[in-house]
Amino acid sequence: MWQSSNANPYLPLPARVERVRFESEDRSLKTLWISLLNEKDRENFRFRPGQFIELSVPGKGESPFGIASSPHEELLKITVNKTGTVTKAIHQLDQGDFVGIRGPLGNYYPIEDVLGANLFIISGGFAFTTLASFTEYVLQDWSDKVKEIDLVYGARTPGMLLYKDLLEQWRENPRIKVHLTVDREFPGWTGLVGFVPDIVARVDVDPVNTYCFICGPPIMIRLTIPKLLEKGISKEKIYTSLERRMKCGIGKCGRCNIGPKYVCRDGPIFKVSELEKLPQEY
Amino acid sequence: MRQDDLFLTCQKAFQERGLDLLLGYEKSSSGFLRPAVFTAPESLERISWDPSASLNLATYLPRFKSKKVGILAPGCVSRSIIILINEGQINREQVTIIGVPCRGLIEKRKLGDLEGVRLVEFRDESFVLEKENQRRELNLEDYLSESCLSCAYPAPVIYDYLIQGPSREGSKGFLEKRIKDLTRLSPEERLLYFKREAEKCIRCYACRQACPMCYCESCFVESSEPRWLQAAPEPVDNLIWLLTRVYHLAGRCVQCGSCSRACPEGVDLMSLLAWANQSVFELFQYQPGLKIGEKPALGEYRLEDPDFFWGGGQTEGKKCCS
Amino acid sequence: MEDFEPKIIAFLCNWCSYAGADLAGVSRFQYPPNVRIIRVPCSGRVNPLFVLKALYEGADGVLVSGCHPGDCHYQSGNYYARRRLEVFKNLLNFLGLNPARFKMAWISASEGAQFAQLVREYVQEVKDAGPNLEFVREKADLVRFLNEAR
Amino acid sequence: MLFLKLKRENFFQALGEFSEYALYVPRREGERVLLKETSLQDLPENLYFERTTGSAKEILFPQEETLFYFKRYEPLERPKLEDRKKLVLGLRPCDAHGIQVLEDNFLNLEPVDVYFKRRRENTLLVTIACSQFEDNCFCDSLGLGPDRLNGADAIIYDLREAVGVLSRSAILSEKLKGYAFQFQEVENEDQVEKGEVPRRDPEQLPILSPEEYLALISEDKLWEKISSPCLGCASCTYLCPTCYCFDLQDVTYGPVGKRVRTYDSCMFGLYTLEASGHNPRPTLKERWRQRFLHKFSYIPFLEGILGCTGCGRCIEVCPAGIDLREVIKDVAKFKR
């Protein structure tokens, strides 16, 4: 899963910011499109939706971000929430600035294991990055090999919804049923209102032949899983992508583990049945 | 001090005050004491107190903010409790102080090559160690911590219960002499001395965690915005780490020596701390942890404080040492 | 070492010393340009870590100046600063740091001439003390890499 | 593996063959014992060296290490690799066991850590079988021994007038052969003459299986009791031979900078604090659980060997006097 063109796993690949865009009106979320400078690196950089990269801002540090663009797109798209030293530096980056990329890291949503089934994609807040990539990827390459596709995506306010352009396209696409929600009533909002776990409970899916993919804040994951189990969906069929503080991203620095599993190397995507045996740390 | 005196008093305190827990010491497998949290009167028969205790128990108090806590307290620990009360970390009713007599605490590092020893017992002026079943009796005074050799308040300054027993009488001395020797050196030699001490530091922060006065939620050394120091143990970074922590303790440190005994690398912390306290005393006639209701030295001011600023009253920057 | 031009960082309190420095400029008092001024709301705002960080990053001298005791815009800021910085100054002296590395002063808004005098004196004092090599961060490898990269 | 026997003086002569290697041995400096570069003449005749205060991991995994330099606003520059050859003499079998745990993490599990690899290739680790037990050490109670080769390149046994060397490094075997009066290939290190190795019949510590330990993961009361005196400093982890957790930080000077790797500790609060403010291990009991299980469950899971070497350093330095041997017993007692 890990391929990097050079032998030193800590040395980032030189890259450049090509385009930037603010996702939310309060400008706390910013999307960047990044291109790898070296031709050779671009060839070797094959990723699958669900994987992440470590983005280096030279002089400030490094942070992990899920890849939001689908594998077919030419540029790597990531979305960054401004919270600390590195993310503030990233928010100041503009077109033409140099950064470093390490990756692709971690495992990915196993589309091969869910062929011929319904997909139930559930996400919340700004953790929608990898699932957006996965949804686009499924619609482009696998839409004839899977049955129904349901997407539930919620955020605190309409302004906080990511990738509004993609959401528009998917709403017109018959192959996918999009359920957008916001936590509370909001003027001018016509979609659903309510927390993601409650919306998930109301969406009826065939419990036997449906695989679920969840990615969101820990609290949302913890509340959504019981709702799915109540629907009769087995733990084997629920994949969740977990978040952890990470440094090396390659399972060496010992920090992002849940039990013996490292979220950066053995994850970030786990089956809920796998997580059962591990501490309820998330 | 008799063992059953300690046990009975603690049990009485537990029942009379309805304590949730009592902070004390218990014997470890090597015979040396270690801190222990006693949560039930029955477990109190393991409680003990002797000069092999090393940690200042007051460092645990901020953890039990909502609980009724008992604590064994020689002079230095009782003063630490007073400061914690004055600085609003704990309130007086919540803490039950069991005063214990103190003969000074051993500096385990001074045992040096007597490693792999078992501590057998304490006598009035000495203590007995055993290694591969041959016993040696050592004079207590030669193995005491530097801070205990210059401790002015061995008896508890404040207590709810008091246990009688032999105790050191207050003695100025060791650290004052150490400071005098250091001030005789030239500034360059002194800086070299402290730089060499700082080079030993591995930034494990045991000194900070062992100090009751270091209770900050997030310490300046962990700040990333701004980042004051590197995480790497470079000599100057370590020096700034030691210096700033000592500065934060100026007028708040009771010189219990808990930090110096906790340091795995034996860095000389006491000289800087003793100097900071002496500075505060000479400038503002202030000694920490003696009276409840007192403000910290650098937390208040007097109009007639000494003034060594350029363009101020007295000469610029009179120094307690050149 | 005459050709050594020291870098001095000055933390001036906004209400008095900064105004004093401004007055020195307006009244054309000549003083050496080695001082980089940082305006702080009050001398009480100066955290000793500012001084250590300035020296750590390569400053040769740090000056902190505030309102004379009694003139503080916030009543007690400079009184706290006086105690705090005096204990800190003694700690630096005990550590063995050259006293020229850190200086404390009171300059009121009307003391333009005194400010120029203070800066002249202090710059000379730091020049005599020489560059700060004893309390500066370890960066030899980065300097070498910078020269190579050029 | 080759087992050689040399006369004592021949052994010291043989060391002359390693002139291109810098010789490091444990030396006491005030209250601490550090690995210091030294010369052949200063080696003690009886080849006795004290246990180092810090663990021997420093020689391969230093507390501060520059990974690479970069120039801001321009693509990144070349990494900096350590090229100095070192011969480290006088470590102990428990240090070698620690090195083995580090090797598994940095070398044997993909991707390979090139910095550790370069240093390991340039270093010859020659341990000496313990002649006496140190303060608080308990490797024999873990089923390990004061005479095992573990991760070292060679181990030396004191055969009174002669010196026995069990070597699994081609370079060492080649160079020492010329000075040995007897040597033979051996398969198993127990067939080798080891001289009198100190024995004591310690009470074996109850070590459970990784699965049994993992099953205790949600027993908060157990971890609460064990971690209650803990202060949350990192002296145990920084001195532990098998702790390899690290942090990455950038250090800049104007337009240039470098990325530095330093030690980090799971006992610190920042270690797992997430940007959202959520901390999966908020208090000391979770951190103690992580430190204990990483050594007794996760490392055995991932690397098949025990994550604790029994060197006793954490017992010696703990300001709260927590004794790992008693924690091991408490955990086993709790299980029953």
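To keep things simple, chains are lettered A, B, C and D as they appear, and every chain counts its residues starting from 1.
The rule we apply is simple: contacts are C-beta pairs under 8 Å (C-beta built on N, C-alpha and C of every residue); 3 or more make two chains touch, one makes a residue touch a chain.
The model shown is predicted, which means the values in this text are computed figures rather than measured ones.
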Chains in contact with chain B and also with chain D, listed by label, are A, C
Note: of the two pairs A-B and A-D, more contacts are counted for A-D
Between chain C and chain D, the Cα-mean centres are separated in Å by 47
Between the Cα centroids of chain A and chain B the separation in whole angstrom comes to 50
Expressed in whole Å, how far the mean CA point of chain A lies from that of chain D is 38
In chain A, the residues touching two or more other chains are 84
Touching two or more other chains in chain B are residues 230, 234
Among all residues of chain C, those touching at least two other chains are none
Among line, ring, star, complete and other, the chain contact graph is other
Every touching pair of chains is listed here as A-B, A-D, B-C, B-D, C-D
Chain B partner, complex, touching residues on chain A are 84-85
Counting only contacts in the complex, chain A reaches chain D at residues 2, 4, 7-12, 14, 37, 56, 58-63, 81, 83-84, 87, 97-98, 100, 217-218, 243-245, 247-248, 250-260, 277-282
So, in the complex, the side of chain D touching chain C is made of residues 66, 69, 71, 77, 251-258
So, in the complex, the side of chain B touching chain C is made of residues 179, 182-183, 185-194, 220, 226, 228, 230, 234-237, 239-240, 243-244, 246-247, 250-251, 272, 275-276, 279-280, 283-284, 297-299, 301-303, 305-312, 316-317, 319-322
As the complex stands, chain D meets chain B at residues 30-32, 53-54, 63-64, 133-136, 228-229, 231-235, 237-239, 247, 249, 251, 260, 262-265, 268, 270, 317, 319-323, 325-326
